[in-house]
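Below is a structure I'd like to ask you about.
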Amino acid sequence: MTLAQTGAPAPMAPSTLGHYLLVSALLLVIGLIGFVTRRNLIIMFLCTELMFQAAGLAAVAFGRYHLNLTGQTLVIFILTVAAAEAAMALALVVLLFRRKESLNAEEWQDLKG
Amino acid sequence: MTERLAFLYPEIVLFVATCVVMVLGLSRSLRARKSSAVVAGVSVLLAGFLAVVSTPRGSGDAACPLSGFVYSHALTPAMGQVLLPELAPYAKAVIALVGALLLLPMAGTVDRTDEARIAAGKAGFDPLRSNRAEFYAFYLFSLTGLMLCASADNLIWLFLALELTSLPTYIMVAISTSRNRSREAGVKYFFLGALGAAVFLYGFALVYGGTGTTNLNAIAHSISTGGLNTITLLGVVVSLLGLCFKIAAAPMHFYTPDVYEGAAPQVSGFLAFVPKTAGFIAILLLCAAVGWGYSHADSGVGSLLHAVSAEPLVQGTGRRLPYLLWLMIWVVAALTMTIGNVLAVLQRSVKRMLAYSSIAHSGYMLVGVLAGPGDSASTSGVSAVLFYLLAYGVMNAGTFAVLAALERGTDSEGQPVEVETLDDLRGLCASHPLLGWTMVVCSLSLLGLPPLLGFFGKLPLFTSGIAAGQITLVVVLGLNSAIAAFYYLRLAFTPLLESRDESEAPPALAPFRSRMAGAVIAAVGVLVLSAIGGWAMGHAFDAATVKGAGAIAPRGH
Amino acid sequence: MLLMAAILIPLVSAVLIAAAPEARAKTIALLGTLAQLVIACYAATVFDWSFSSRAQLGMSVAWFEGLGVSLSLGADGVSLVLILLTGLLGPICVLASSTAITTRIRTYYAWLLVLQAAMAGVFAARDVILFYICFEFTLIPMFILISLWGSTNRRKAAIKFFLFTFTGSVVALAGLVYVTWFNATLDRGAVPQVILSQNELLGTWTFDVSTLITAGQMMSASEQAWVLLALMAGFAVKVPLFPVHTWLPLAHTEAPTAGSVILAGVLLKLGTYAIYRFALPMVPEAVALYAPHLSMLCVVGIIYGGLICWVQTDVKKLVAYSSVAHLGFCMLGMFALNNTGITGSILYMVNHGLSTGALFLLIGMIYERYHTRDMNQLGGLAAKMPVWATFMVFFTMASVGLPGLNGFVSEFLCLLGAFQASSSWGSGAWGSDIEPVAAATPGALGPWFAMIAGTGMIIAAMYLLYMVGKVVWGPLKTPHGHAGGHAGHESSGADDHPAPLPTDLSGREIVTLMPLAVLCLVLGVYPKPLMNAIQGSVDQTVAVVREPLRTHAVTGAPAKPAPASPANTHGEGAQ
Amino acid sequence: MLNLIQDTIVHTQPESLGAAVEKAGHAHGQTDWSVAAIVALPLLACVLTGLCAALRVKSKLPAWITVASLAGAFALTLKTFAAHFMGAESHPFVVHVFDWVTFSWAADAHAQGPQTNELAANFAFYLDSLSALWMLFVTGLATLIALYASEYMSHDQGAGYCRFFAAFSLFVFSMACLVMADNLLLLYLGWEGVGLCSYLLIGYFYKKPSAVAAAKKAFIINRIGDLFLAMGVMLIFVQFGTVEYSVLFEKARPYIELARAGQFSQIPFLVKLIPCLLMGGAFGKSAQLPLYVWLPDAMEGPTPVSALIHAATMVTAGVFLIARTYPLFLLSEIALPVVAWVGALTALLSATIGMAQFDIKRIMAYSTVSQLGYMFCGLAVLSPSGGVFHVVTHAFFKALLFLCCGAVMHGFAGQLDLRKLSGVMKVPGWRIVGFGMLIGCLNLAGFPLTAGYFSKDMILAEAFVTPGTAVIGWILLITAGLTAYYTFRVFFRVFVGPVAYELGDEHHGADHGHDDGHGHGDAHGHAQAKGHADAHGHGGTHHEPHAPGWAINTVLATLAVLSLAATGLYFVGGDHGAVAGLVDQSSAGFHSPLAHHGAAEGAPAHEAGHAVVSYVPEFVHARAHGGEVHAGTIFGADPHKAMYFISAGVGAVGIFVAFWLHLAGRKSAATSRADALLPALGPIPGWAQGKWYVDEFYDFLVRKPLWVLSHIFYLIDSYLVDGLVDFIGAAPRAAGKVIRPSQSGELHGYALGMAGGLVILIVIVALVAT
């Protein structure tokens, strides 16, 4: 997992970037696994947040690597969108809870086939 | 800056209209409330008009000569995104037209029982209970996002535009009916959508990491000069897979049938067009950034085995996407159309069937993505995709509008009951000739039966696929069209040929004339475009001009 | 313009029918089809027969220019003959339906006319896409005719008919588009000037038929083979050739009478015509190479189809399977790739349309009266319906291939074509040093093919006479509940029919049969005008195929891509 | 039809046979409508009688139309014959009417051979002495038999009557096309045309299932032969580039030269194949082994039909074909021997069957088969004139015999069983029939000085003369004895002896299926009253046989006279009679007895080169040196002279045996002395009566397996071929069912699917990338 980009300034050792990316990938995978395995809607949503943040982490790391602010800009927007999604998720979860008195995702599988 | 702003006049109009609608929808005056839909429609059409009229066209060859690609941040804002420089006017016009068409059946989607009670004098207007303002606002937001996609020149912009397109639709699905099924559809759509968004976002981050920029023009420049490095490639792959969610392509297609079935038909129709269009525009932009200039042999799926170690990842003189991307999209396209079609064959529920068919159509369009740009409408896959989006939008709007225009009485809670299965459509041509024939025309067109619009949509996919050497995939496409005939024939001929049992009352018309108008306009549109679609296709081809790394030089003879 | 009118008039009539009151539908339909026939006849008089190999009466309207598609029409001798056949069967089908169709009359006639238009369009198209559009669009009206007015198993039959042929033709489209693309990428510099001067569109993206034919000949052998495979996938289904024929008996059996007539009369000819128009000249090398294999399928079809006929009890199914056998002959002649065979094949298209169409009409008349097609329930109808029986025997004989009637000329020429087409003639035991073998043509079929296919003539006699023996001759037998013996038709007939049909044929029914009978006789006795009409076109096709055929035959290896110049062939056709 | 005939009916006179006969329509020669009219008149009759049917004519008008037209055709034939073929020298000529299957094309530039090919098969008539002779007796007999039928079929007046005469006229038209065709394709038209008429007329009583079956059988078996003929025609076309006789014989000349020189090895195999294929056609049409089985069954048709079609004319088409294409038969060393053996075996086999039958019409049918065998032998033993002479004499006496049997059948209500008829001649009004029968029988039995005697002798003698065919001669001689026996068996049982008879169960058209009889106004008025579709529609029963009327008697008398008069043909004209002279000047004259006698006796003939062609090379030289050396003798004498006595003796023995067994001491109709003999012969008479079970054998060997195969094919088609299609059609649905569980409705399932798909695709990408 090395970046073969020669000629670019290297204020951060490639190995360090690699570490960040590894963490970010781990976050992504954890989020993914959590989303697949957990049944609670709120936890599932948190898992997607985790994945968003994985992307954010990667962006920041890359931004640092490339020595520009684009990565950080991206992160700000990611956070914004994540917040918007969180708001929506909360509304939706409440709506669903009102109907079935449960947060279990398995309650909702009438539509299939 | 004002130059730059000219790109956004349509979006600005839509945004303003959104604000107005949000206010109007909360008015105590019924007329004012009702006018919110009108305002939405007018604004969408106005936005489309502005897109055609006011979008700057200065980004021609002079400003951006083919030879020396020197992108600077100072230059690009004035030019908009230069990968598909002519895309925005066409795409926005299509979005506006189809969007307006999709608005017609949306009348009465929300607040129907409340409004009825208010009209009957049983209750007063309660802004807190009303959803109308939000619903139309969401509709406009979503279209705003979609239009923004078309002018995106930056991954961040693209990301935001995609999210702006999608987020409102989650809510629209959930509130489209008051039944649990809509809630279920909403939750599935939202959670899986978030998952998909996370995936392509991660991909975007990787692309940024690989190229050091999020500006698409610069990315293209970086790739064309520095080659496609592993991180970028991985980023593009992950982004594309994430975007597969938007276009409902395998392996991200699972949500589609459930969501389409759970939502009200008019909203399903909206879903079948809006996120799909956003997804395809994003995919085209990403692919244009990577470029179609690579070369490798086409040996179908079999070449998977010869794993191309010697594959050049630098732009060559070829006409293909990089092998890995090519392979991935090939597999995704073949899988998508096949899965969509074979599952659609099994369905009795019309909406579910159309949902699966929507998956299949994405598969067809991916063939155009693979084929890439060309020097005529018949060889350009990009143009084929852009035209197909228009064609699909119109015919699809027709089928869903027919479903929206019909209902089978009301249930115990006073909610209208939708037409569900094919059986409900029996004898429709006899009981409601206009709707019945709309269904016939639109389904046959979706089937791709010549000489209807769907055929002329599919034909450039065919020709461009073959011109790009994707013969195997084109044959897969052809065979899938045949599978699709199984269910489209049923959909077309159940209204026409089968007769309804005497005992059973035919479905009633929904009390919103605009729904029926939407259906009929769509059918007429299908017929008109079948005749004069060549004109639209010409514009699609203009819009498909690919500049930069992805461009191909005109073939010299 | 004339061709456009031949397509548009039925379409306009269809719209009129849909708009007019139910009672008028039949009249408008009859007028519309007659108008089409008149226009086709008039076109035949305007047509310059001395240049029958060239597409004439042409016109072109732009349509989806970006794609290279245009509404481009034109007809050469073969097309015009088939348009005439289409036009002829139109009024006959309308007349034949007048008592059989009692429900949804407007829908019926409207779709019938749409079908007429689409079929004329196939034959008149000079643009590949327009051809394909019409080719495919015939499916819809036929699907509707079968599924609304068919018999018990109609839904399955209609679906199978549609899907089977649709699937095949999609693949054929891929083949045609491939040729288009090949043409677009053609390097004009490498093409001889002679050819370029005649086809300005070479090397551009176009769907023009003659350009694509010229371009197709320049493809490499393997490309041609693949394109041939694709084309056959579409067209062989339509014909239908042996292993892909199973939709036909089903569709025929279930279709209403007029549907069967059109199906047998014209729709099957779309496949044979398409093979003649596209496969032969476009990929001559592949055709030359694979002609024996394809012919083998034809021969199998002839015998297999014929023998199956022999064990049918449903008389309509019998005639349906006989189409499989008959079209085997037709295609065998085509793949003989010589003048005799192809001339015979095209005559066969017309003749089969006439005689088998008439047989379906006759069976329909019986079905209307007795509501059964079971040969175990019907018998000896000659006693009761002498006029019907006369026609039945007449058309059976035409179908058997009795000389003096139309079937013979074409069947004999097809067989003779196959017989001639062997490169072994003149060598070894097959030849002589004294006199050259006079009328041998290159190819890989030869006497064995003709001989084995010829047994089909015997089998045809077996099953058709079996049918006639059961239904026409023998002791009178009619199903229960129908007029039997001396009981007379007055009482029982009235129960079953809103408008009771006479015991024997009515005047209207005789009028529907008469033109077919006259043509069967005339074409059997004096086929020369028809042969002259198609000769120019056939000569041109043979000239294209001959070179690769000879090369294959001599060396057994694919010929080098040497496009046959159409320049000289025009002259031949124009004698 | 006449309208179609164009203005180019012209005939030309070529220099000599074998030279290209110039096609008419060109420079010289005057229009000869009369030749075309020979063909056109029967067709006109057919159209008019058809019109009568449409107009529901109930009178005898159709019969008179037919008789008049045929008589006209006969008169025109006679005129043509007299004008062109009466003299010693005759010249074939072609009358072109209009183009039929004619088109040309440019040949392959690289192929050897002509640069333009033409398939020219026109409605054009080739008249030479052979076709003129044939037409003479065809039209003549047809006229007489039509006259006979006008009375015979009178019970069926109405639609059936019209139908009968329409088919009858059509038959004569087809036969005229067959005989007068100038090309093989037109011959083929006539060939199948007569087959069709035969089919229609055998099946005339279409309500009888046996008649329908017989008609079908006749057509199908004929078709088998037709296929061989068609293949032969194709081979001729490919080999020689033409199907027109005149050109064909010219093109074949090099090969004939080779055959003359005995260099058969240089003649290509395919050229040798031509006669073998043509032979197949001839065997089918002329009811020879192995295709003879249809002819006896064909007796289901009305008797005039049996007389004309199945005895006198159509069945001799095979003989005509071989005579017409005789030069080609000389090109193969095996063709004529095969014909000879087939003919001889057929003659013998059918004679044995004929001996054991009881139905007199069937006996006559088998005798026809047997006599046709003779004719083939005649052709094959290099005696075309003998064969053709036998055709002519046989036409008259066999027609006579059939018509007599028909008269009996007509008068005795369909009774044909010789065990139920006796002494018919003594019944009042039946004398003419009896005498007619006697004359016919004498001819058939080869009684000395009858026409049949001379024609048979010519064949027998030549069989012994021709090297290598003596065995065939012996077979034919034995057959001649058998023939005499069974012929007179009929005569002695039925016409003489004690008067005793039993009427048949048919009463005028019972079983005859009146077309207009049921359901409509019935002319006879019986059936309606009964109110059911009973085939035995006529109520009234006749208890007495009714004697034939004037038409039948006139015809019988005329034919009897003609049969006797035919003898005269042997004595006028050349060495072997007028017929031989005619044959000799035609295509069949390429080799004839006249020729090899001719060199010695100086009879007018062709140059020797044409005359001496033998299929047995080693004898060529012997032949070429004239008539001194006869390769074969019989009992050391000149076979022609010896045969006069030998065959007379054999015939007399046969007649005597018949007299002893069937007339002498016979007291009743049913039994005779012969019955006592039967047990001594064991099962053989039973087998012979069962026609040696050939039909059953064919049924078992061909029809049943084919039937089973058809069913198997049908099963394959329904389940395998169509099943495969259905399987493919069901595949999408099945695939859908397989992946449907993925759409479980569970959020987690979907997420898992998405994640899994994502991971798999990325892993693939990663794998491919590294």
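To keep things simple, chains are lettered A, B, C and D as they appear, and every chain counts its residues starting from 1.
Quick note on the criterion: a residue touches a chain if its C-beta (ideal position, glycine included) is under 8 Å from a C-beta of that chain, and two chains touch if they have at least 3 such contacts.
Please read these numbers as outputs of a predicted model, since none were measured by experiment.
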Chain pair, C-D or B-C, that carries the greater number of C-beta contacts: C-D
Central chain (by mean CA position): C
Inter-centroid spacing, chain D versus chain C (mean Cα positions, whole Å): 36
Chain centre separation (chain B, chain C; CA means) in Å: 43
Distance from the mean Cα position of chain C to that of chain A, given in whole angstrom: 64
Rounded Å distance between chain A and chain D, as computed from the means of their C-alpha atoms: 96
Of all residues in chain C, the ones touching two or more other chains: 163
For chain B, residues that touch 2 or more chains besides their own: 187-188, 191, 195, 199, 230, 257-258, 346, 486
Chain A residues counted as touching two or more neighbouring chains: 32, 35, 44, 105, 108-113
All pairs of touching chains, each written as two labels joined by a dash: A-B, A-D, B-C, B-D, C-D
Residue ranges of chain C in contact with chain D within the complex: 160, 163-164, 243-247, 304, 307-308, 310-312, 339-340, 343, 380, 382-384, 386, 393, 397, 402-404, 408-409, 412-413, 415-416, 419-420, 425-426, 429-442, 447, 450-451, 454-455, 457-458, 461-462, 465-466, 469, 472-476, 484-488, 503, 525-528, 531-532, 535, 538-539, 542-543, 546, 550, 572
Residue ranges of chain D in contact with chain C within the complex: 4, 53, 98-103, 105-106, 108, 110-114, 117, 119, 123, 159, 185, 188-189, 191-193, 196, 199-200, 203, 206-207, 209, 211-213, 215-216, 219-220, 223-224, 226-227, 230-231, 234-235, 237-242, 251, 254-255, 258, 266-271, 513, 515-519, 527-528, 530-533, 535, 706-707, 709-711, 713-714, 717, 721-722, 725, 729
In the complex with chain B, residue positions of chain C that touch it: 62-69, 129, 132-133, 136-137, 139-140, 143-144, 147-148, 159, 162-163, 166-167, 170-171, 173-174, 177-178, 180-181, 184-185, 187-189, 203, 205
Contacting residues of chain D [partner chain B, same complex]: 732-733, 735-737, 739-740, 742-743, 745, 747, 749-751, 753-758, 760-762, 764-769
Residue ranges of chain A in contact with chain D within the complex: 32, 35-37, 39, 44, 105-106, 108-113
